[in-house]
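Here's the structure we're looking at; comments come further down.
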Amino acid sequence: MLLTEPGGPGPRGYSLPLSPSGESAMVSPPPWHFSGDVIMVEYRTDPDAAAAFLPPGVDPGPDPGAAAAVFAHWHWRSETGQEAGDPARSQFSEFLILLGCTAEGRPMARCPYAWVDSAVPMARGWIQGMPKQFGAVHLTHPKAVGRTGPHLVEGGVFHGVASQYGSRIARASVTLSGRVAEPPALHAVPLVHTRHFPAWVPPEEPLSQLVVSAVDDVRFGEIWSGQASLDFAGDLQGDLAALRPVEVGGGFVFSYSETLRHGRALSGEAGRG
Amino acid sequence: MLLTEPGGPGPRGYSLPLSPSGESAMVSPPPWHFSGDVIMVEYRTDPDAAAAFLPPGVDPGPDPGAAAAVFAHWHWRSETGQEAGDPARSQFSEFLILLGCTAEGRPMARCPYAWVDSAVPMARGWIQGMPKQFGAVHLTHPKAVGRTGPHLVEGGVFHGVASQYGSRIARASVTLSGRVAEPPALHAVPLVHTRHFPAWVPPEEPLSQLVVSAVDDVRFGEIWSGQASLDFAGDLQGDLAALRPVEVGGGFVFSYSETLRHGRALSGEAGRG
Amino acid sequence: MLLTEPGGPGPRGYSLPLSPSGESAMVSPPPWHFSGDVIMVEYRTDPDAAAAFLPPGVDPGPDPGAAAAVFAHWHWRSETGQEAGDPARSQFSEFLILLGCTAEGRPMARCPYAWVDSAVPMARGWIQGMPKQFGAVHLTHPKAVGRTGPHLVEGGVFHGVASQYGSRIARASVTLSGRVAEPPALHAVPLVHTRHFPAWVPPEEPLSQLVVSAVDDVRFGEIWSGQASLDFAGDLQGDLAALRPVEVGGGFVFSYSETLRHGRALSGEAGRG
Amino acid sequence: MLLTEPGGPGPRGYSLPLSPSGESAMVSPPPWHFSGDVIMVEYRTDPDAAAAFLPPGVDPGPDPGAAAAVFAHWHWRSETGQEAGDPARSQFSEFLILLGCTAEGRPMARCPYAWVDSAVPMARGWIQGMPKQFGAVHLTHPKAVGRTGPHLVEGGVFHGVASQYGSRIARASVTLSGRVAEPPALHAVPLVHTRHFPAWVPPEEPLSQLVVSAVDDVRFGEIWSGQASLDFAGDLQGDLAALRPVEVGGGFVFSYSETLRHGRALSGEAGRG
């Protein structure tokens, strides 16, 4: 299916747009370095609804219905650093849902929905199999001083909101009660994605591939936990609505960083298809 | 490379996000119907610069350096009509550059760069091989009455502007002088795209495929022509800057519609790779 | 209260920012010329709720509870024409609510809420007493050709949506059934506004002044009417929610233009205060 | 000029929109509490250009041409706290220019231009006399961990960019070299503003009033300084362009908070007009 060779004649690039030097590519090639601030709320959803989002080869695992809502603000940089000088390019906010699952015989997480407020991270998501859509995502940034904050201290309150097409999707809050040693479970496991690129030339089929992201340089900063609220909008419809909380658990506010290098095929999947 | 079967178990959809019913797909499956208002300026660019954007199998043709800048406002609908009730979903604005070329022995156009102000059309562009990026695109809409207009009459002035990351890319204007029978040449030929989906799982190569879009139900409304201006921003850098105008030609303002059904491999390309 | 004289030394301008030449003013001085496309739905709201939005000197009149929801896309120009070349400046979309009322012994309309998607029109609204807030407003533009349209013909469907802070406010649709000779009543009467500029220097009171807008060069293009829907979002709260429809009337789609020149004090109000 | 009494009949509110309960006001009444992160670059501009922006009663002072470019990200809260739960309402980014000056016989600063990315802070600016326009403003947020950061340590690099209508206004960077005890001079003096509300009802004159903001609860967090860059866009035109840097000084990155309570007339100005 590959019709142009890297290094061959013609325009080139890691992604569209291809151009003579390759520099016009919307997405710069991995690895990508991320530094983030995260507001995360653990919750439980209907186990049958969650299971219906898992592809063959991925199972609900020992704790069906375990889920989390994650709001994050990211600063990212590629190896070339070409985005580094422009905060409009190097930062974005994200809201995503995680479902607990088991694959390759160990705990993983599946992301059924994600929204970002910037188009390059959206496209980069599709490359990895993260189902990122474009939305409006806002979360409170910690402040060091002042009467309004919010501050990373006991009693500090952090909020996240997400919308798409001018309609609310979800909102969450966490009121800090103290520091903890361990990150929330669903933020400490690999993510298993379906890389899916739609069909266009009949009778070709879509590219569809179960992959696990290869991540290193993982670091957590201070991890705060506390009481949380999480609400999906009342007028949500369809498949997404089935993942609404039936019980809200603990909340977390923490710093996190990683380097995302590439994907690998889910073990036992390479020969299928 | 196909690991999940359409109709098989697990979440589904024409695009990500996959979901139990398939309704969550960001992009609804083709065909897609488009009705648009277009402001188009013909121009000439450096022939060598233009040639460097053409992939093997596509040649500059008999008129090297022929180019056009196209601003368009689109209303679109898929067969399901699921977007029809929300103007925030069913409309978008676009700015793109076209280069004249020859493929399969006949005149075609190549789109080296395009920007849209909505994420679903951006993703849909990637599916077809249109190198759509996210930008701010504004063009004046014709008005029926009033002292400011603009009106589709002799002397009416139409403007388009495009920006990305808060920096201007290009601006154009057309002052109408009269109606013409024929659309501008580069809007009347097929588009030849490179469908390109980046590599993620080493050592796999990117999907890269020369395709032509299959379009029908093409209609033009009134076609107006007139004197045009076209300016690329002074601080543009890199490969895009090489396509700036060396001479500005005529301008056109017209209505246009089409139905985009699927792609087909460029003739003579199917066996390569 | 006037401490700097127009024409005196120091920076100047019709509005902030003041600058040496006066050209930096965010709002250019009136008159302002407007050409627009309007989607309007008549409805009835609770008469007591509507009356509570009327200031002294303005009465509910003979048809209490008469109201309308108006979506409009505007092209505007000031006398200097300084915005004319930039569609990002010369166009905006608006959603507003109108309440029928009587003042100076004749029918007028009161606008309790309005939203625009551009900051200069918002500021210009405050100057006149239009309570414009910033929101996301989208309405379908008529198209001349194509399978999706929408077209200004019998059966054509036009939509409007409005949101603020990522939450839906209202949505409306009109399905055209035919042309009519008369515009909807609430679009054919003067608007009575409260020009209100908040207090800042204690113990000064806010500027607050009942005014009527002085408009001329009014023109209507084709006026279409048809069946309408209008929904306020289910989770709307507070004073705005009290104005929700109890009955939805007819819908209208039309072109309209006017020149807005200045305001005048409501008759009988000049000596008060 | 005051025609409606606070507490009297009719709709009410600190600002438009007025409503029965007063809760619909776009701007909630002061005091307003602010917690912010600031990237600030000192620079020198043409002294004559700067002087032309000062109103009568305000002088260039002992250091004519002293100026600063300030990028800030703010979290704010009013006494009611009604915005606190929505990060889309409680946060905004700002870019402004400050000019050194003298008024009431002591050092102050004058803000000739400011841009914010949120409409309520823009309107609140007008109430105080801050000439805030609507723009796209982005600045890098400090991160606690990771390979990209940026981190509040020696060598950390912070960036700010500002645009309006899709055109760049300015960009700045600061590379941290160490902590300092004192904030930059122009961030430690009062601001003298012209509260200016345009005329609308002839022959009334605009409200125009020289005021000083009354601020308390001022706190600085860590103050870092370092080498800075500052560029105004090459195609800037008009009065703003006259304030471009002729020399770039030091850069600062710091946390800051204040409570803004009200304004007071500039001493010696109350009886004028």
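Each chain gets a letter, A, B, C and D, in the order it is written, and its residues are counted from 1.
In the analysis below, a contact is a pair of C-beta atoms (placed from the backbone, for glycine too) under 8 Å apart; a residue touches a chain by one contact, two chains touch by 3 or more.
Bear in mind that the values here come from a model prediction, so they are computed numbers and not experimental data.
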Partner chains that chain C and chain D have in common: A, B
Shared chain contacts [chain B and chain C, defined touch]: A, D
Numbering shared by both copies at the chain D-chain B contact, with half separating same from different: same
Of A-D and A-B, whichever chain pair has more C-beta contact pairs: A-B
Farthest-lying chain, centroid of Cα atoms versus that of chain D: B
Gap in Å, rounded to a whole number, between the CA centres of chain D and chain B: 41
Rounded Å distance, chain A centre to chain D centre (Cα mean): 35
Inter-chain centre distance, chain A versus chain B - centres from mean C-alpha coordinates, in Å: 29
Junction residues of chain A, two or more chains touched: 86, 88, 136, 138, 161, 166
Chain D contact footprint on chain A (complex, rising order): 33-37, 73, 75-77, 84-88, 90-91, 136, 138-141, 143-150, 157, 159-161, 171, 173, 217, 219-222, 255-259
Chain D-touching residues of chain C, taken from the complex the two chains share: 1-4, 6, 8-11, 13-21, 23-24, 26-27, 29, 52-56, 86, 88-89, 112-114, 118-120, 122-123, 126-134, 165-166, 194-198, 200-202, 205-211, 238-240, 242, 262-265, 269, 272-273
Residue numbers on chain B that touch chain D, as the complex places them: 136, 138, 161-163, 166-168, 233-235
